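You will see subunit A twice below: alongside subunit B first, and alongside subunit C after that.
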Partner chain A sequence: MKLTLGYIHIRDVQFGPATEIKGGVLYVNAQELIEKIKEDERIAGVKVELARPGERVRILPVKDVIEPRVKVEGPGGVFPGMVAKVETVGSGRTHVLKRAAVVTCGKIVGFQEGIIDMSGPGAEYTPFSQTYNVVLVIDPVKGLPQHEHEAAVRMAGLKAAAFLGEAGREVEPDEVKEYECPPLPQALARYPDLPKVVYVYMLQSQGLLHDTWVYGVDAKKILPTLISPTEVMDGAIVSGNCVSACDKNTTYHHQNNPVIEDLYERHGKDLNFIGVVITNENVTLVDKERSSNYTARLVEFLGADGAIITEEGFGNPDTDLIMNCVKISRKGIKTVLITDEYAGRDGASQSLADAAPEADAVVTAGNANETITLPPMEKVIGYPETADVMAGGFAGSLQADGSITVEIQAITGSTNELGFSRLSARQY
Partner chain B sequence: MVKEIERAGIPVVHVCTIVPISLTVGANRIVPAVAIPHPLGNPALAREEEKNLRRRLVMKALRALQTEVEEQTVFAN
Partner chain C sequence: MEKKKVRIVHYLNQFFGQIGGEEKADVPPMAKEGAVGPGLALQQALGQEGEVVATVICGDTYFAEHLEEAKAEVVRLIAQYDPDVVVAGPAFNAGRYGTACGAVAQGVWETLKKPVVSGMYPENPGVELYGRYAYIIKTGNSAGAMRQAVGPMAQLAVKLGRGEAVGSPEEEGYIPRGIRKNVFCSERGSKRAVDMLVRKLRGEPFTTEYPMPVFDRVPPNPAVKDLARAKIALVTSGGIVPKGNPDKIESSSASKFGKYDIAGLADLTGETHQTAHGGYDPVYANEDPDRVLPVDVMRELEKEGVIGELHRFYYATVGNGTSVANARRYAQAIAAELKQDGVQAVILTST
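The block that comes next holds the complex of A and B.
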């Protein structure tokens, strides 16, 4: 299985009479896009807005961020099982509109979505201040139940990304990369002297606005399973998940998982990257026990010497993380965990809800309880009044002048547990 | 909260879904609950069945409260 990704570097986004890419500029015909989104009868209205790096613009409440892509060769299409037919992806050629993004914005539950600032101190905390964003502000028909509302907004974002991605079909990419995923016996034989590493990819799966889909299947209903890293890169996993947006994987994160990219980078040099195991984070103890048992067995079955485990979210998923760590470690396989911390605003509290002696190699993505004041912006896309009630916000978060004081957990991607952020630690 | 109430000399039963977290934080009497979004009930059950489930959980918690323990104990049955 070999996937070629062709990166088309996008340098600006503008409205235009046709949806196309010319000279690195993505032009968007807003009317066409709106018509596409409004095919879904659950959606009453949609506004399309543009937000560029450096602009004095705030976007909230953000549900998902998606990278526009198009399948140009090989089986399947973008977002299989969701937008395209449920064909196996991860081979052939896919074009990527690099630095372009679709951002969906909608008041689904109100307190569970994130913030993106395009400039100022908040922009430092989110990678999506650096992308050229096509923002969809979506209003549902009256009386639409929350689950339906979530599904409608999720699908609108994916459809919009597929629609914009089409503009890149005939464009010659600026950069081309190839990723290969050979059958396991070949993968094992290829670098016999290098340590064999498996990536354990935990997917949030706890209900409304806490869900993830794999080929259209709700991840809470899967048993842990194997997936090719190229399938992940090619849109097999999509997000329905934005609660405490700091450490939730948007669809963009899944499409660009830095753990997978870095494992590929070091593959054949100092390690042998032999596979990815996806698992879930469910709401009952028996599910957590079953999934962690199964995950550990799959990692052992692959013949791994080491496993990198990434968590999604915090609180009870810390238990899934620790169970995975303990059960894999007890099979004699080394583990490294990537998580974030909720250590209180002073950083003095216990960081994770669960712990074990086996968790002796842990990478942190930052303390989500740190507070920040986001200054007023010239323009707010979405619904600013949600700032008072969003996770990481508190009564009085939204000041009269439009500034917002929140914990960084309200900022989309600020403590992302795939390491997709710019936070780092410094010793004084 | 469990530990502070016990520190004041009053025995506590922690009814919770994710038992490992309860063990990590140091509760002494633990009764496993149903699920994180609905620890003490189950919306999938019929009304009467659910009432029985809730009663069983409360009775189990009361029994746990009256049981002497020497170490952290999970009342699974």
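The block that comes next holds the complex of A and C.
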């Protein structure tokens, strides 16, 4: 299985009479996009806004961020099982509108969405201050239940990304990369002297509104299983999450999983990257036991010497992280974990809800409870009043002058546990 | 521009304060102008950056036997000299002295809001008891290590006295205080993880970014003997609050808990109650809050005589991203009230 990713470098986004890419500028016909989204009867209204790096613009409440991509050769289409038919992806050629993003915005639960600042101190904490964002502010029809509302906004974001991605179909990419995932016996034979590494990819599946979708299947209903890293790169996993913004994996994070990229980077040099195991984070103990047993067995079955385990979310999933770590480590397989911390606003509390001596190699993406004051912006896209009730916000978060004091928990992607960003925490 | 000289008050025990040995350990607190004993070495290390303006001395036995009084008096004496920063010790591995230095640090920090630097051997009980109130430079276990201790203590005192940023424990030489602070690294987390795994696989040394804590284990109490006579309370971290969330309990990182009257209430409904919790799907809890806080079932049990009575107040907070230290504090306050109200057992519900 070989996937070619063609990166088209986007340098600006503008409204225009046609949706197209010219000279690195993504032009968006807003009317066409609105019509596409309003095909869904659950959506009463949608506004399309643009936000560029460096602008004095704040977006909230943010639900998901999606990278526009288009399948140009090979089987399947983008977001299989969601937008495209449920064909196996991960081979052929896909074009990527690099540095462009669709951002979906709207009040779904109110406290389970996030903030993106395009400039100022908050911009350092979110990768999406660096992307050219096409923001969809979506309002549902009256009385739409929250679960339906989430599904409608999720689908709108994916459809918009697929729609914009089409603009890159005929464009010559600025940069081309190839990723290969051979059958296991070949993968093992190719680098017999290098340690074999598996990536254990934990997907948020705590329940309705805390969901991740794999080829259109709700991850809470899967047994842990194998997936090719190129399938992940090709949009097989998408976010359906309404949960603290800092450490949920947006669809963009899944499409650009940095652990997969960095394992490929060292593949054939320092290690042999042989596969990805996806598992879930269900809430009942029996599910946790079953999934962690199954995950450990799969990692052992692949013959791994080492594994990187990434968490999504915090609190309850900390127990899944530790179970996976302990069970895999006890099979003699060396583990490294990526998590984030909830050490209190003063940083003095225990950071995780669970712990084990086997977890002796941990990368942290920072303390989500640390507070930050986001200065007022010239323009706010969305609904600023949600700052007070957002996870990480508190009564009085939103000041009269438009500034917001919140925990960085409220900033989309600030403590991402795939290790997407550079934030960490240290002991002082 | 020349920087201001940092004003330092130094705390010592009777021995280092040159009053006398064990036979003088019961002397009460006193103050002396300028530097004394180890203070001279401290002054030398400070050079032109700072000045030991006074030394406060107290006997170790006196301090141990009159902890609160001694602490208050030492703090009062220190305050007279209006220091920018206080240095206590170093106490090396002397347990009583280390504990006194720690208590002084607590008093100075809480009362005067001034930073404190001390020096101790890591196993000194003062480290565990009071480590969070001072920056404690790691020292050897006896006074033979004085020379190595004073330099880093002086350097850190100058930084703190000027309100400059303090570096990491490794950079400054202090014992980690367990405070987590965010920093931006030069590499993203995924690359750091792959690097760490490669080192671990090769058997090379690596440093975890989060050393795992050892957790408290709470043994459960024995079962209630006579349920039919027991007063039972409901306490939840599931965020069930009266409709409108009157106390504005936060959806995550709750800064408080609420106490709510349910006298005469047989059933919670979507009209009367809701969840404030931001960590789970609220739809079903909002539809029927009894699903998280089972008032309806408790009333039935009350009627059937299975339990004596349901306590008229329930307590609620949001256990979503709420720090362990805060959770412990709420629990202590709630438990004290429940005990006072004669509650024999509690049903804790989480989500």
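Quick notes on this structure:
Throughout what follows, the second predicted complex is superposed on the first by the 422 of 428 C-alpha atoms of A that agree within 3 Å, B and C clash if a C-alpha of one lies under 4 Å from a C-alpha of the other, contacts with A are read in each partner's own complex, and residues count from 1 in each chain.
By definition in this document, contacts are C-beta pairs under 8 Å (C-beta built on N, C-alpha and C of every residue); 3 or more make two chains touch, one makes a residue touch a chain.
Just so we're clear, the structure is a prediction, and the values are computed from it rather than from any experiment.
With both structures placed on the common chain, the touch criterion links A:259 to subunit C but leaves subunit B unconnected.
In the superposed model, A:207 makes contact with both subunit B and subunit C. Of the two partners, subunit B and subunit C, it is C that touches more residues of subunit A.
Legend: residue contacts after superposition of the two complexes on their common chain; A:323 is shown touching subunit B, with no touch to subunit C.
Of the two partner chains placed by superposition, subunit B and subunit C are both touched by A:355. Once chain A of one complex is fitted onto chain A of the other, the partner contacts of A:334 are limited to subunit C, with no touch recorded for subunit B.
After overlaying the two complexes on the shared chain, residue contacts for A:285 are found with subunit B alone; subunit C is out of touch. Taken together, the two structures place residues 206-207, 316, 354-355 of subunit A in contact with subunit B in one case and with subunit C in the other. If you check the complex, the residues on subunit A that touch subunit C are 109, 111-112, 124, 145-147, 195, 197, 206-210, 243-244, 258-259, 261-263, 265-266, 270-271, 305-308, 314-316, 334, 336-339, 341-352, 354-357, 359-370, 389-395, 407-409, 416-428. Here subunit A touches subunit B in the complex through residues 206-207, 283-285, 288, 316, 318-319, 322-323, 353-355, going by the rule given at the top. For subunit B in complex with subunit A, the residues that touch the partner chain are 17-21, 24-25, 32, 34-37.
For subunit C in complex with subunit A, the touching residues are 132, 166, 168-169, 176-194, 196-198, 200-201, 206, 208-215, 248, 250-253, 255, 278-283, 319-326.
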